[in-house]
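Below you'll find the structures, each written out as structure tokens.
In what comes next, chain A is part of two complexes: it sits with chain B in the first one and with chain C in the second one.
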Partner chain A sequence: MHAIDLIMWPIQKIIGVRNMPYIFLLPNLIFFGLFVIIPLGANFFFSLSSGDELLFAERELPTTKQYDQLFDCESYLNPNTCTEDFFWRGVYNTIFFVVFQVGLMIFFSVLTAVILNKKIIGRGFFRSVFFFPVLLSPVVVGLIWQWILLKNGAFNAIIESYGGDKVSFLTDPSWAMASVIFVSIWAHMGFYTLIVLAGLQAIPPNLYEAAEMDGTSRERIFFRITLPLLMPNLLVVFILASIKGVQTFDEIYVLTGGGPGTSTSLIVQYIFTTGFASSGSVQNFGLAAAASMVLGVVLLFLTLMQLYFSRNKESKHQEI
Partner chain B sequence: MSETTSRIIKIATKKRYKNKYHWTDYFSYFYLFLGVLLMFGPVVWLGLSSLKTLAGIQEYPPTILPLSQIQVDVEGYDKPLPIFNVTQEDGSVKQLAQIKRIGINAKMVDPLNPGETVKVPIDKREKIREFKIQWQNYVDPLRKYDFLLYFKNSTFITVVATIITLIINSMAAYALSIYEFRGKNFALVFVIGTLLIPLTIILVPVFYVVANFGMINSLWGVILPGAATPTGVFLLRQYMLTLPRELIEAARMDHASEWAIYWRVVLPLSIPAIAVLAIFSIMWRWNDFLWPLIVLSKSEVYTLQIGLNAFHGELTSQWNYVLSMTMVTLLPIAIIFAYLQKFITTGIASTGMK
Partner chain C sequence: MMNFKFILKAISVALVSFSLTLISAVSFAATDVRIMWYGDGDKENVPIAAQIDEFNAANPDINVILDIVPYDAIMNTLPIQLAAGEGPDIARVTDLGGLNKYYADITPYVADPSYYEKSFGPFLNWYRKPGDTTSIHGFHSTMTVTGPYVNKTLFEQAGVDLLGPGATWEEWAAVSIEVAEKTGTPIPMAWDRSGHRVSGPAISMGAKYFDSNGDPKLVDDGLKAMTQMLYDWHQAGTMSKDLWGSVSGSKYHAPNDWWNAAEVVFMMSGSWQIGRFANEVGDDFDWWAVPAPCGPAACTGMPGGNALLAFNANPAVGKVMDYLSSKEQLSSFIGQVLAIPGHLDLQVDYQTDDPNAKHALNTFAGAVPTIDQVAFDLQAHVDNRIMFNAIISRLGQAIVGEMTMEEAWTRMDEDVEKQLKEKYGG
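Now for the complex of A and B:
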């Protein structure tokens, strides 16, 4: 008997065995309630009230002011015509970022996974090399690359030794986004490679044996067997990567701080800056909450898609 | 190409298809070689450079190994001066120390004869380097700045948060896997529901809740909000569902309390799943950035990640310290990975979480 049992035993005596599961669930539910459910409700409240105060009682209610301000644009296609041009730049930057980051990352993940799935020497070693960056923290990733991509950094030294010109990867607005996408792919590719690899290994080997027996070319095997059978897996990877991509913040924050100007500011950067950045003029919690709601709608849509597709996949394969 | 290397390559690219090499075989090895350079190179490069002197780090084009220019103290000069091999007019080479550079000429002095200075065209001199490991990069920030404190804070958050996460998540998983009770499905849906709500969309109100508890600028404000994780509950529940029910029935026959069944029977049997969750929790917590950035604004409560970022922001030119502390920050995770690599990769592949 240990200390906790001295408390739990009388409780069990009083409420009975049948009610014990509620006791076991309770701590978790309290945490979820306090830090997820209540905040979710409060987010509506914040987004529908105005004022600089964080306290409920001191905020004006109800108002759609935040949403009006957020969506006040002459033309939604041109962020410069919006009151909250920073938000809309964030939206467009996020779309651009997600399209290229997710697209390229899935391409390279599949390529890497297919190669790692071959019978090659040192497969375990190569696998961990590609996976390793996933475990690095965003600050570590950001600082390593900020330093390598410096004007007088290693990357430019390599470029110059091949006769190229130095590039300001992180301070030139036309390069910053590309650099940020590159670093983000570098940091997260290993995770998706691993999932695709698991998908590849789930393809029954007898299909390949049959194809080899028939003398089918490798290119044909890839496009006719591997890719079609991998598709359900790729769909889930695609949505998962989009969900993460839309919420990207920390690496970019360390790498460029959203700059130069706003050229690498995404939506979460907007929420963070508007709601919390102490250097900003006024912390506008309401506006940040409203922007969170917009992001939430996008994520909800993506997550529902994910649940739908992974359920489909489950019913087909009966696994995971 | 020598015979041995070609033989090694032949073995390495052992073909599946009779005697023909397929272009994909060559491509694969080329790709993997590039991959190793690109994925692992930066970290190796970081490790090597963190041992250089500041001057060595700022050198362009950079050297790979921690070589630094030798500096000597010369009488009459406050700072140590860098020394060069200078080719004299008669072709002989002499070691001179540089006082300063003026355009294409350098004002130099012979360390053995500090009285007179000479002007030397800069293309006639060559740096003298030595292999020198700068351990100061690691010692100084821990002594002069607060990195030891940040390290302690990070460790505290990681350990305490992981323990809380393991206990409350395994309790919930136990309830949801062993018992049948009213509202079980509701609880399951509730837990799945929280999966749909990432922190990024409730930043403001979670901050509000944490502020209400007075946990701003407290390590508990970082620990508590993420302690209950839906992925953790599901991972553990999936595992507990596979445990034989007879064990639990037998324990109940022996008049074990429900808590004792959880603590003495189910928990010890679930160690594999708990270990996976523990590793993930440690990684999440150690690497966490956005939430600590919001909650912690005083330097005495900074975690290593926040402290490192702030330090870099304040002292942009101190790359020697930034690089060494980046190494310190990534080392614990790298060590865990080196030992538990299989565990981590199979954990990710089977749960799809990160």
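Now for the complex of A and C:
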């Protein structure tokens, strides 16, 4: 008999064998409850309160004022007509950011994975190189690229050395969003490339051999064999990248601070600024909580999509 | 049985020894006093750390812990800590009125309350809640005045004379452009990105900030005139969009990197930069503080400063405050950091031979009597940060083309109204 049995036997006798898994899950459930469920509940109650106090006892409760304020718009297509125009600018910037970042991320991940799947010289080295940025902290990523993209940064020095004019990559509204999308792709592409690469390696080689024997062109092989068989992996990449994209904050905050104006300010920055970084203005915890509930709904939808597709994929595998 | 008795005795002896050790440790433990301090680099952090070490050595019953944090932590983390009932015993604060609900009254614990009244009298009201005229919460560690600097070397190279007292903002902009053109300097004018910095010039243009009842009323013709001027300067290239465009919202940003690299002719900032310029610019070029430019209503900067304020009241905190606010310590600190004292009767021996720094100290100290009353009232108002932040975030948006100036002014007033409603209800 092991020492642990001294504790487990009596418990099993009381609750029965069938309920024992719950006991093993208990430690995790306690931490999940403490750090996820309770804060989530607290956040919900904050979103239904107002005032600048942190303690519930001192806040005005309940009120839908924060949600009313958040959704008070003459036209949702024009943030300038909304009471919380910073929120809506954040919404539109996030949509723009996610659409382009995720689209380009998938394109470059597939391209890189296809190349890294070939028998090229230094394949192991290049696989590491592409994955390396994933290991960096977002703050480090932001600082590195700030030094490169600043008006007096490395990139402009190269442009100038070839006789070109300096470009305000981070402070010109027309360049800033493109710059942060580029940096974000650079920082995260390695992870998604790895998923696509795993998908590529799972495609049975005999399919390619058969296609080659039939004289099928490379393009046709790619579009008729590789891409369709890669689709389940690409769906996972799409959903994971979308979730991550919606949550983006730290690297952009370091890189542009959300500026110029609000042109690179996403929803998470709005939540952070409204609740915690108001620089002496009222720290509006209620409004920040309401905005994070809205963001939570979007993330829940994306997560459910991911669960649906991954289960679909699993059941298809089982059918095969 | 013998064994059991022996074990019982041994445990009893061990418990008694442990209890005695614990009791003696508790009796002789020093009282911790935690100070949250932001400093303008080593020039401020080193002198305060030395003073704290000296205090700890002389007072073994008190252990002062100095937490040096970034300015952002004072502005954004400290209020959250305080709202949660946490936070330090003392902190160096610039949002003087904004945190007043958390300040502790240390009057019973300081050696001589009248010393604080005599030495820091006008500033004590900046920390107090409305209606309170007696509490002592701390003291002004340095006083600041906003105002401009010029790169004197660039003026000399361009052969352009510096303007004297009474020159207007338009005249300073014109000569800055002239100097920049003649010397090939990329940025004629650069300002700290701060609503506080905009407010002095706005008051010079006639801004009143308050209605007849003394309630905040941000946008008027004076504020419009100054913010429109700033907008126009950005569009015309007199000010670079790269500086204010590099952040968003109400985030503070200073043009020191451009200034240190001699890429700016005229910089609007304040007296707290003197020590920094003396260290960082050195002999690279001559920098000169100039009198606050004028508008139709005044020629004023904004007063300000930072104060060491108490969030807990106990004898240890009182003793630390007495020590740090004493003439000897304050004079030594101010002399090293090259700042304007917030103490009304302090002889300071500034530890610098830099003529630029000496001239700047004289200029800013001489500017104090010329500060407009509206500026003092604004600085003393509990909700001034709400107004400062509304100015800078909306002006920033207008400058990069996200809204017109008309829309920005409307938004400034709405922002102030919204924030005050959230704070006070209604």
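Heads up, the rule we're going with is that the second predicted complex is superposed on the first by the 283 of 320 C-alpha atoms of A that agree within 3 Å, B and C clash if a C-alpha of one lies under 4 Å from a C-alpha of the other, contacts with A are read in each partner's own complex, and residues count from 1 in each chain.
In this text, contacts are C-beta pairs under 8 Å (C-beta built on N, C-alpha and C of every residue); 3 or more make two chains touch, one makes a residue touch a chain.
Since the structure is predicted, the reported quantities are computational estimates derived from the model, not experimental observations.
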Name the contact category of A:Ser50: first (chain B only), second (chain C only), both, or neither. second
Who does A:Phe276 touch here: chain B (first), chain C (second), both, or neither? both
With the two structures laid over each other on chain A, which partner does A:Glu160 touch: chain B (first), chain C (second), both, or neither? first
In the overlaid three-chain picture, which partner chain does A:Pro173 touch, first (chain B) or second (chain C), both, or neither? second
Could you tell me if A:Trp145 is touching chain B, chain C, both of them or neither one (first, second, both, neither)? first
Who does A:Ile121 touch here: chain B (first), chain C (second), both, or neither? first
Applying the touch criterion given at the start, work out whether A:Gly258 contacts chain B, chain C, both or neither, answering first, second, both or neither. second
Mind telling me which of the two, chain B or chain C, contacts the most residues of chain A? B
Once the two structures are superposed, pull the chain A residues common to the chain B and chain C interfaces. 54, 276, 278
Give the list of chain C residues in touch with chain A in this complex. 72, 75-76, 79-80, 83-85, 95, 98, 241-242, 244-252, 385-386, 388-390, 396-397, 399-403, 407, 411, 414, 418-419, 422-423, 425
Contacting residues of chain B [partner chain A, same complex]: 11-12, 14, 16-17, 22, 24, 28-29, 31-32, 35-36, 38-40, 42-43, 45-46, 58, 60-62, 167-169, 171-172, 174-176, 178-179, 181, 184, 187, 190-191, 194-198, 200-209, 211, 224-228, 230, 233, 257-260, 262-263, 283, 286-290, 293-294, 297, 305, 308-309, 312, 319, 322-323, 326, 329-330, 333-334, 337, 341, 344-345, 348-350, 352, 354
Which positions of chain A touch chain C when the two form their complex? 50-55, 60, 69, 80, 83, 85-86, 89, 151, 168, 170-173, 256-265, 269, 273, 276-284, 286-287
Can you list the chain A residues touching chain B in their complex? 1-2, 4-5, 8-9, 12, 17-22, 24-25, 27-29, 31-32, 34-43, 45-46, 54, 111-112, 115, 118-121, 126-140, 142-145, 147-148, 152-154, 157, 160-161, 186, 190-191, 194-195, 197-198, 212, 218, 236, 240, 243, 247, 249-250, 253-254, 268, 271-272, 275-276, 278, 285, 288-289, 292-293, 295-296, 299-300, 303, 320
